[in-house]
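Chain nomenclature is as follows: A, B, C and D, assigned in order of appearance, with residue numbering initiated at 1 for each chain independently.
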């Protein structure tokens, strides 16, 4: 128990220090600042996905759907003059309002069927967003005022808020994992029938997990919209927003607290390397990376290192 | 006004055209030990699934403690004291034995704290004679130990009624003796128990009453001695050849 | 109005024939290997390129290019399964899904690199005048492609149920362990199945190339179609995929008539979700496959 | 063991490509983020062809004239995978780490708008070769320049011409891909139609990736339009045209943007392409006498054909023009410094192979008159502007 509290405190302290310090340290390095912001957003999504995909064991491909939903909710509200803080909160609420009923329905499915249904959710939202052009601008996209004013302040601001959100999401993950809810999710992941047999209300707990994970994903979308300043449906509902967090968590270690952090950092670094060194095959390079990762390190970096230490 | 603990009324369940359970009715009283027997495919496990909420009946109703529980979810029933074990053991593979049992203590509503749940689990493990497996993962335990783990998980929930689905399957006779001892111990605490078996031999010494299923239907129900001599039961249940063997075995 | 609706349903059937071909192989692989092959869309496009280049350099009719694209894609599938996918075939859904997603990224971008993303179109092969029946019209190229597509799916179905190897595949789908005990070499069956799955994709690609411009960018849409048709029709069943494909074609056509052209695919996706909720085994599938 | 090696290897690669900084001999570096993979890949490849041709010409001529020096030019490409955030990131990386002197913007209005903030922040001039929407240029930015005129400059001349030739036309149908440029063009078409009191009898969008338009076209046929306007890309338009023919839908005027500008379009449709009208920001049939490195339009087309064995379209031409324009501005500025280049671009007023170039107060090109053209006899024939017209609008389609 104690080591857990220590870990949580360490994450919070380091996170707070990073939120306060990094924007200042990186002030002269806008590119690094951008990379760290990207890392933070990926971390939010990875840690969010980990709640459903890692703790509960449901292979969700819906992260991108909620990311896009949050991006649009925040962007539309900001365009209507709402304060960015409120806009982010409403984006989170929008995520929850969609996730709760959808999750309740979709989470009755298992395995491939769940994966397909969750994948379809993003496609449907994208089409609806594109179609409802009076509200969303449709295929024309939407310009977001953002919160920071001039570009430099916007960059620093976006870094700070995405880092803060990342720290909160990791802590949320830890809180869930070490709570009654997390214990129940563990049971569900390992054996849902047996879990029901000992009184675990699987449907309820799964829906909680799915909803919480969607809230943070949606807020991440809102932060992203303000940061980039322009969103369109193909961009924010891109299936990559669902796949990259999964790859990051697979890279770091599924179902662990630190896995998403390590995974997101490695992923951003690897992606950057591939992107710099391979010009027109960079998406393909990402594919090669995924294939290699799953063949060589199927359990992720963190568990591989830990199990190495344990072995004689 | 004497309400039965469990009252199954005309329950049926169909899969496609197949009637897995066909108009079955029976009652159980508090603290009773009953054997539910029948050959493979007689519909024993389906019946357990129907009563414990893992399947919904196509027809009929089920009363538990005087209340209608037809179609209630398994987790709701578990919290109300209706527990079961599975024919094939279903442990949580990444949890230690202790946490396997602690989860049951927690989610059946007997405690909300982790420390409380683990304390209760500890007692349960010792009580069922597998205290030494406390920190083991299920994969490191023998089948007999895992069977006891399932019993511990059920016991810690302090059930009123416990279904044991082929709890002896795969065990040798020594191990079976041990498990039967545990079952007696649990029964002595006033828990009603339904033992699902296809070997009549096993349940004979333990259950004063038997319920016999055949092709989804209730074939007979009554005191064990009577049932054991009931020719239609013997024939349906064991086939003509087995019937002869069975009768020859009578003391 | 009745003429219009009849025409729209006819359009849907013609489209559905193509969808059936796209979904049949996908469904087979899903059913036997328990793998959702995200690469299916790109494999279809690869088949289209085979047809396109065969036409371009030898003037081969794209419907006959099936004889080239089918075996070619079969080989690609066999090798991929034998050397890569086999290594994750027993892994959880998440892993196999992400794995084939990675393979898809590689294949799709390789095609962009080699063939560029420009649209390429086969022309001048089929008569341009459509068949007319009163006020109804049937374009010749679409009609032929739909007929060949459904025909190919039926051929696959027959192969699975009449040939020795086909029956072994079905046996593995039903019960892998028993099949193994009976001496079926599951690894080989897997490679065969994946090969057949991609071969069907290649055939579908040829049919598409006969009608539509070809580009690697189409692959995501093809995959989407395979998904929906397969779930509608029922997992693992080739005939189910045909039924699902036809149904999807008709639903999309009617959807774009009654709800608006931009929502045609949305209507299909929503129907898929409803289907998953109410009857996850699909129209013709049996319960219990998962 | 294998795993450890892999981990060590990964770590090593992480450190290896240390940040590249400007160094050594003077050269002009231009950053060009392109969508080389992903859904915009065809457009990205086109833009790249234009740039590559220009660089080759510059190299042949011995480099850039800056004051009294000759300076080599280098374009640093970056694939942004058709994802807007990556495009912005690419611009940032190109400026801060590759120290580029100028940027060619990513494809389309959306990405150009998102990334123009980077150019503005670092005071690096950005030329957008493929962004037409006014909103891109309305941000008050000083460092953004665009070679496409606003969208209405495509639909307005079409409206004039059609009504001059066929004053009886009243019923218009608009069918558009639900995508940035096609939608913007359709919106302008709607305005142009309303302005001329035309009746809009059909107005629908189709989803990106649609394979079948028959249902919508059956409906359109019921509305009996005289002028059909379709917005989309080559693959959509080929399909729409084929199915219009199958369904016997024959309006007097059929306008399609932006497909007919491409060679693939006429190749794929043959006779069915006949009499389809269109408009684009540039067309190989236009004739200008430029002072830029390519000179006359014909010479640009020739050089392009020599290099790629294909006829250039408006994207390829605009990309090459972006380079040629930057070159003219650099000569005028006599410097590679951002502000100097920017001022030279802002005050430019020259003729190029692409057309007359002078940028308005927002940075968007003015005075360029996008050509209206029609496929006649299997070839595009320019109908407007009158100064370069080669033929007259013909009515009816096959």
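By definition in this document, a contact is a pair of C-beta atoms (placed from the backbone, for glycine too) under 8 Å apart; a residue touches a chain by one contact, two chains touch by 3 or more.
Bear in mind the structure is a predicted one, so any value in this text is a computation, not a measurement.
J.: What chains do subunit A and subunit C have as common neighbours?
T.: The shared contacts of subunit A and subunit C, listed by label, come to D.
J.: Higher C-beta contact count, A-B or C-D?
T.: C-D
J.: Relative to subunit D, which chain has the most distant C-alpha mean position?
T.: B
J.: Rounded to the nearest whole Å, what is the centre-to-centre distance of subunit A and subunit B, using the mean of the C-alpha atoms as each centre?
T.: Comparing mean C-alpha positions, subunit B is 44 Å from subunit A.
J.: Roughly how far is subunit C from subunit D, going centre to centre by Cα mean, in whole Å?
T.: Computed from C-alpha means, the inter-chain centre distance equals 35 Å.
J.: Could you work out how far the Cα centre of subunit B sits from that of subunit D, in whole Å?
T.: Taking the mean C-alpha position of each chain, the two centres sit 74 Å apart.
J.: How many angstrom lie between the centres of subunit B and subunit C, each centre taken as the mean Cα position?
T.: The answer is 48 Å.
J.: Counting only residues that touch at least two other chains, what does the list for subunit C look like?
T.: 109, 112, 220, 260, 262-263, 265-266
J.: Check each residue of subunit A and list the ones that touch at least two other chains.
T.: 127, 130-131, 280-281, 283-284
J.: Considering subunit D alone, which of its residues make contact with at least two other chains?
T.: 36-37, 39, 178, 205, 207
J.: Chain adjacency by touch: line, ring, star, complete or other shape?
T.: It is other, because the touches fit no line, ring, star or complete pattern.
J.: Determine which chains touch and list them pairwise.
T.: Listed by label, chains in contact pair as A-B, A-C, A-D, C-D.
J.: Spell out the residues on subunit A that touch subunit B in their complex, using ranges where they run on.
T.: For this pair, the touching residues of subunit A are 180, 183-184, 186-187, 190-191, 193-203.
J.: Within the complex, which stretch of subunit A touches subunit D?
T.: Listed in rising order, the residues of subunit A that touch subunit D are 29-31, 34-35, 38, 127, 130-131, 133, 138-141, 143, 150-152, 224, 228-232, 234-235, 238, 240, 266, 269-270, 273, 275-277, 279-284, 296-297, 301, 304, 308.
J.: Considering the complex alone, what residue numbers of subunit B touch subunit A?
T.: These residues of subunit B touch subunit A: 52-54, 73-76, 78-79, 83-84, 86, 90-95, 99, 103-104, 106-109, 112, 114, 153, 157.
J.: In their shared complex, at which residues does subunit C touch subunit D?
T.: The contact residues of subunit C facing subunit D are 4, 7-8, 11-12, 15, 18, 109, 112, 116-121, 123-124, 128, 130, 137, 139, 212-213, 215-218, 220-221, 249, 252-254, 256-257, 260-266.
J.: Any idea which subunit D residues touch subunit C in the complex?
T.: 36-37, 39, 41-42, 45, 175, 178, 204-207, 209-216, 218-219, 222, 234-235, 238-239, 242-243, 245-248, 264, 267-272
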